[in-house]
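Before we start, here is the structure in question, set down as structure tokens.
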Amino acid sequence: MPFVHRRRPTYAEVDQQGVVFHGHWLAYFDDAMTRFCDHLGFPPKEVFFSTFDVMVVKAQLDWQGPAGFDDEIDIAVIPTRLGTKSFDLEYRATVEGRPVCTGVVTYVSVKPLSGGSVPIPDDVRAAFEQAAR
Amino acid sequence: MPFVHRRRPTYAEVDQQGVVFHGHWLAYFDDAMTRFCDHLGFPPKEVFFSTFDVMVVKAQLDWQGPAGFDDEIDIAVIPTRLGTKSFDLEYRATVEGRPVCTGVVTYVSVKPLSGGSVPIPDDVRAAFEQAAR
Amino acid sequence: MPFVHRRRPTYAEVDQQGVVFHGHWLAYFDDAMTRFCDHLGFPPKEVFFSTFDVMVVKAQLDWQGPAGFDDEIDIAVIPTRLGTKSFDLEYRATVEGRPVCTGVVTYVSVKPLSGGSVPIPDDVRAAFEQAAR
Amino acid sequence: MPFVHRRRPTYAEVDQQGVVFHGHWLAYFDDAMTRFCDHLGFPPKEVFFSTFDVMVVKAQLDWQGPAGFDDEIDIAVIPTRLGTKSFDLEYRATVEGRPVCTGVVTYVSVKPLSGGSVPIPDDVRAAFEQAAR
């Protein structure tokens, strides 16, 4: 079972069409990534400033249907590619089982506080591999 | 020459890495789309509620480098695909000529205030074709 | 005991000073208001479009200290004034007991989907009075 | 004549009530402050990281009427108080002359990159005094 993060859109995030403005989904997925890493034992609040930080270099999003104010969005997070210095996380968002948005985000592992790319730390890699099963 | 929209990142939009948070780019491109349509004679403030509205169904983004607080970002907008009911706009963002982010966003033409997909209005199609040259 | 809503700042919400950008607090408080009304039995997802909606007309905020990425912010919500057509909610945000931001927001009760001011519905008023004790 | 910054609300910033979500106004005012300082010869992109940075400690906002998608909002910026280490800026936002939102924001002058409060630099003070006339 993949890790799932629940997010309820705030009033500010819903536009005049009555749906979550499409531009907010990358932030939703980023937030899900924070909770996912925290869940795996790598709290971004600490590791992003000490042992493991990331830079986003690519993102693909597809929308399947609307999500509205205060809907209960469930965002599944699945590692789908693990390279030496970069990896992909796939996000699958549903509302009561109905698909609303999917995304694949490519991250490069960077040295905290400097930004240069570095290999994904071994313990993070092992946790991602475990989560991908 | 493509239409170009200039955007300067606000303090709120820059994160602890000192760069525009990646999730803001879809909003930047959306804003550029507003100005692009306005420039073509279809002000979204009016047409989105009367004759021509859109729904975003797909987006692909690639980042090439950082953009920071108050940088002068130039976002070129180019129609790259015109289907019957959907179309793609490509966005190429640069800072002083240096590429920072590119995006391709797929829009479906929808009936204003209802949301059902409809063919792209003829006058909008003609303007997009002209802009694509 | 007042109602308390917990909010963890996302990476996108923290600026180059390493703290939550001040402009996000009104959105945090708005989100806390949604959960507060939901808690009282008036889910905004339903009532804002049927029996009880609000318009913000005034806000006062004071900051006491910083809140950073993924901190556990506890936001207490207390009704402090109940007029005929308007009311105030006070928000007291703390991180591990340390005050970080307080706010008083004045809301006008409006007719859903129209916007005209109307008396606060009796059942909402009663629930707010109960919560204020 | 006060300095005036023009801002057009994006689609993302307008909520289901068809108006700019109230929580965005502090960000609008912050952006106006950036342009105001730039106009006075203190570009925040440089000075915030070298000679003059600020921390927001208090804000008061009042709304007089709605602003909608792509409206042309004019935000006047007026220094209204200059203390030793803190100052107030007043913001008056109008749409075609119609008042929509006013704000008073209190800033503390801080040492860039450290955060400790320091006296307002003399040259900034002189420029603010000049702008207040």
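Letters A, B, C and D mark the chains in the order given here, with residues in each chain numbered from 1 onward.
Keep this in mind: a contact is a pair of C-beta atoms (placed from the backbone, for glycine too) under 8 Å apart; a residue touches a chain by one contact, two chains touch by 3 or more.
For clarity, every value in this text was computed on a predicted model and none was experimentally measured.
Asker: If you take the mean of the Cα atoms for each chain, which one ends up farthest from subunit D?
Answerer: The chain farthest from subunit D, judged by C-alpha centres, is A.
Asker: Have a look at B-C versus A-C and report the one with more C-beta pairs in contact.
Answerer: A-C
Asker: State, to the nearest whole Å, the distance from the C-alpha centre of subunit A to the C-alpha centre of subunit C.
Answerer: Their C-alpha centroids are separated by 27 Å.
Asker: Could you state the distance in Å from the CA-based centre of subunit B to that of subunit C?
Answerer: From the centre of subunit B to the centre of subunit C is 33 Å.
Asker: For subunit B, which residues are shared contacts with two or more other chains?
Answerer: Within subunit B, residues 11-12, 21, 23-24, 27, 30, 69 contact more than one other chain.
Asker: Given the complex with subunit D, which residues does subunit A contribute to the contact?
Answerer: 11-12, 14-16, 18, 21, 23-24, 69
Asker: For subunit C, which residues are in contact with subunit A within the complex?
Answerer: 10-12, 27, 30-31, 34, 38, 43-45, 48, 68-71
Asker: What does subunit B use to touch subunit A in their complex?
Answerer: 17, 21-27, 30, 53, 55-63, 115
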